[in-house]
Amino acid sequence: MGGTKLKLRRIQWIQVVLAVSVVLAVTACAKKKPPAPPPAPPPSPAPTAMLTANPNAIVAGQASTLTWRTDFATDVSIDGIGKVDPSGSMKVTPSDSTTYRLVAKNDTGSKEATARVTVTPAPPPPVTSSTPSESDAQLFSQNVKDVFFEYDSSEITAQYHSVLQANARFLQQHPNITFVIEGHCDERGSTEYNLALGDERANAAKQVLVQQGVSGGRIRTISYGKEKPFCTESTEECWQQNRRAHFVYGK
Amino acid sequence: MAADADIFPHEHYSRLPIVGSLALHMVLFALAIFGNLIPSGRGENWGGTEGGGGAISATLVSSTPLPNPQTESQNVLANESKGLSQSLPKEAPQEEPKAIPIPAPDAKQKAPHESAIPKKEPPKQVAKAEPNQIPYGQGGPVSGPYGSFTSGATKGGFGFQGGQGDFGSRFAYYVDIVRRKVSENWLKYEVDPRINDARRVYIYFEINRSGQPTNVRVEQTSGIPSLDQSAVRALQRIDTFGPLPAGYPGNYVAVEFWFDYRR
Amino acid sequence: MKRFAAIFLSAVIASAAFGAPPPPQDWIRTGTGLGVEKIRLAVPDFKTATDPDSKKLAATFNVTLWNDLQAAGIFDIVSQSFYPLSAPGVPQEVRLGEWAAPPPNAGMLVFGNVAVQGGSLAVQGWLYDVKNAQSPQVLGKQYREDANDDNARLIAHRFADEIIFRLGGGIPGIAESRIYFVSSRSGAKEIWQMDYDGANQKQITHLGTMALSPHASPDGSRIAFSGVSNVEWQILMYSLELNRAVSFPRFQGTNLSPAWSSDGKWLAFSSSRAGDSEIYVADVMGSNPRRLTNSKGPDVSPTWNPKTNAQIAWVSGRTGLPQIYTMESDGTNVVRMTDQGYAVSPSWSPNGQLLAFAWVRHYGPGAPGASDIYVMDVASKQWVQLTHDGGRNDFPTWSPDGRHIAFQSNRTGKTQIWSMLADGSQARQLTTAGQNSQPNWSFK
């Protein structure tokens, strides 16, 4: 009598323990394993900050992309925008020339970075164009896709050839759009060689577009080598993400 | 780049009992490991005979175990004169040490300077202890403790003929520099590897004011052209030994470099 | 039994392949006195007066002198614990016997005195040949500058260079040379400079975009570098005398990695003005560029043979992964130097005989990307590996004396500038703030 009751309780107890451990195991597995912590930074280093605007000269109505990167900062904000992530980018469409100021703070001190966007008044809208230029930028980013490369290669593979063809079709429908193709590389190689390789990648993409009938005068190319990566992990996925020709709207 | 390895073909698979087989394998094992140390006139097989970049691993000189060339232990008197090693010691020159370019106030210091340095009488000719040392007759003795030259088993010396025959005693540090630089630049592998020892070779050259070796010539050949040439090339490789010491009045100093090659 | 024997035989073969010492190797001479015993140099602290100014500057002087002589690569500095208790300040106080005998057992002695008199720093220094009692003096020098810390360091550099010049066989010391490099510590990648030992780090450019690949002119008056200007990569020129950018022609395409010939007449660089990046040579004003290479794939990072200016080494991806090539300075006689892997960033040694470069000998997808600094003898293609720490080591640059190499390494977690002797020893870190890369050692 007492014995069975005890046994039941024990079974229940075991079940509870099992259930709890299963739950713990599941949540532990589900929880993403944090990456190995970087070597501890020296106590309270001063923050660093960098802010760029690309392009830094626009016509009124066009957009510019602010890109910023900070290190060691706990509080980062940009005048006129507010609190932002420590690193990131965002499009802005100032109507007048503006100097954007970024302030990165931590308990040691703060660092500022500025970027200026010069705005020239909009030219009279071309008669033929009926689309306002703001949505051009949006359409551009929706329809013009980046292409990716194999390691150490600037060859456009068949898969990305069709992507470029699709890009070309959009660009031919919007003949007033000008843009930049940026060539990027993954972090593994050497600075100078990667700048040259990125240059080849940007040019390769440009060549395909030109063959498809897009006027070369609308296209500027620049290589950033491995200097402006899209991600910074040392993994095959991130490296593939960085080996690309990146399309950017505007001058 | 894997090291060359001699794989000795095991031609007869022995059916001897295990012990015999093991013993044989041990012998082969030892041979395979140490066989590479047997000099095999392999000669010059470096470089890219196979076009498209036959890059080959090499080692830096420091890892090559050169024997300690510390022959300074035999403090032989600095002396320029040719002839037997038991030459009379020349007393040190009494000219004021012009080497100090520090102006006048030091004039007072010169007298005490000379007497302050105890005149070390040169340790007696320990040269006899050193078997293949100073030659009889031509060749000139080593200058001070620095003029002797060693590389591997090869021994030699420098004779400086300049000034009043006291170059080596006054500017021993310069002699040392010459010795070092020639040592550094003498590539023994340029000598035919079949040569194990040779007759003495005498190389003559001059060092001009700015330290460049000039007028390099073989004064007495060893009879082996590759040996003579390796010495001449060592000197040609040297751009400068550094300017001649300020206290030396001549425009150049003549040097005789001799050595007995031993592999 | 048969199986046992087979296993044993394969073990023998395996150990023969890997365990046997390689046959006696040919060797490369990097001119650091390797294989020849180094001069044993005793460097006691210079004597100084008791006032605090003198003591402070003497301390700076002593540390700098010691470090310069230590870093020279040709001396064996005798440890201070072996020195006799009283160090000489003037020649009368020298007792050679004390220094020549063990424990110091020195070959040469450096001594002197430092004093501050009326706002002026006065230093007297001597170099004595300890083993030559009859005429020990090799050098005697006197210096006088305004009394401040920078001058204490400057005098020490000068005196160390004199000693190195005398005892090192006529090759000037590098204590007053500079290293130019790229630093991100201001927020953007800019060109900076520092003394050869990492002191006096100063920002030079303030472009705010991206400045890379600095190369100082042979006379030290200008720095050529590649920078983003108006969304293009151009060769930009900065005058150190005027402290501002000076004009240089703009070319189409991406223009990178400028390199000066040692006679100050030519500039080689990489340009994709014709579509694909190739090596060009122009005069130092940028006029009359001539194309030297003509092949697919990136061609970048040229370096001149500074002894003859008749050859250029550079990096080409014409066969796939980048390799090092050499050619005559008119573009003929192209020779491939590396045979595998990923080889970049060549730098030609001042004596014209060696190439330093960064190499990943086994490179491929998934490879960790570790690269090391190697030195190769140009004539024989024999090479030696200098770094072995498994990190990323790149951009070697030779010092003017040919005995040191500066390079970038991420072995501490961030990319920093390091320097080492040309045999790979005595590596030391020169920078710490931010990320620092692409060092370029001045020509003198």
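For reference, chains read A, B and C in written order, and residue numbers begin at 1 within each chain.
Rule of thumb we're sticking to: a residue touches a chain if its C-beta (ideal position, glycine included) is under 8 Å from a C-beta of that chain, and two chains touch if they have at least 3 such contacts.
What you see is a predicted model; the values in this text were computed from it and never measured.
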{"item": "Maximum centroid distance from chain A, chain identifier (CA atoms)", "value": "B"}
{"item": "Pair with more cross-chain C-beta pairs in contact, given A-C and B-C", "value": "B-C"}
{"item": "Centre-to-centre distance between chain B and chain A (centres being mean Cα positions), rounded to whole Å", "value": "64"}
{"item": "Rounded Å distance, chain A centre to chain C centre (Cα mean)", "value": "37"}
{"item": "Mean-CA-position distance for chain C and chain B (Å)", "value": "28"}
{"item": "Where chain C touches two or more other chains at once, by residue number", "value": "none"}
{"item": "Interface residues, chain A side, partner chain C - complex", "value": "38-39, 48-52, 54-55, 111, 113, 151-152, 180, 187-193, 195-197, 199-200, 203, 220, 222-223, 227, 234, 236, 251"}
{"item": "Complex interface listing, chain B residues touching chain C", "value": "2-8, 10, 13, 18, 21-22, 25, 28-29, 32-37, 39-40, 42, 46-48, 52-62, 64, 66, 68-70, 72, 78, 92, 97, 99-103, 109, 112-113, 116-120, 144-146, 169-173, 176-177, 180-181, 183-185, 187, 189, 210-211, 238-243, 245, 247"}
{"item": "Residue numbers on chain C that touch chain A, as the complex places them", "value": "184-185, 187-189, 208-210, 212-213, 226, 228, 231-233, 253-254, 256-257, 270, 272, 275-277, 297-301, 315, 317, 320-322, 342, 344-345, 358, 365-367, 369, 371, 394-395, 413, 434, 437-438"}
{"item": "Contact footprint of chain B on chain C as seen in their complex", "value": "1-2, 4-5, 8-9, 12-13, 15-31, 33-37, 39, 90-92, 94, 96-97, 107-108, 124, 126, 129, 131-142, 165-171, 323, 336-339, 351, 376-377, 379-385, 423-424"}
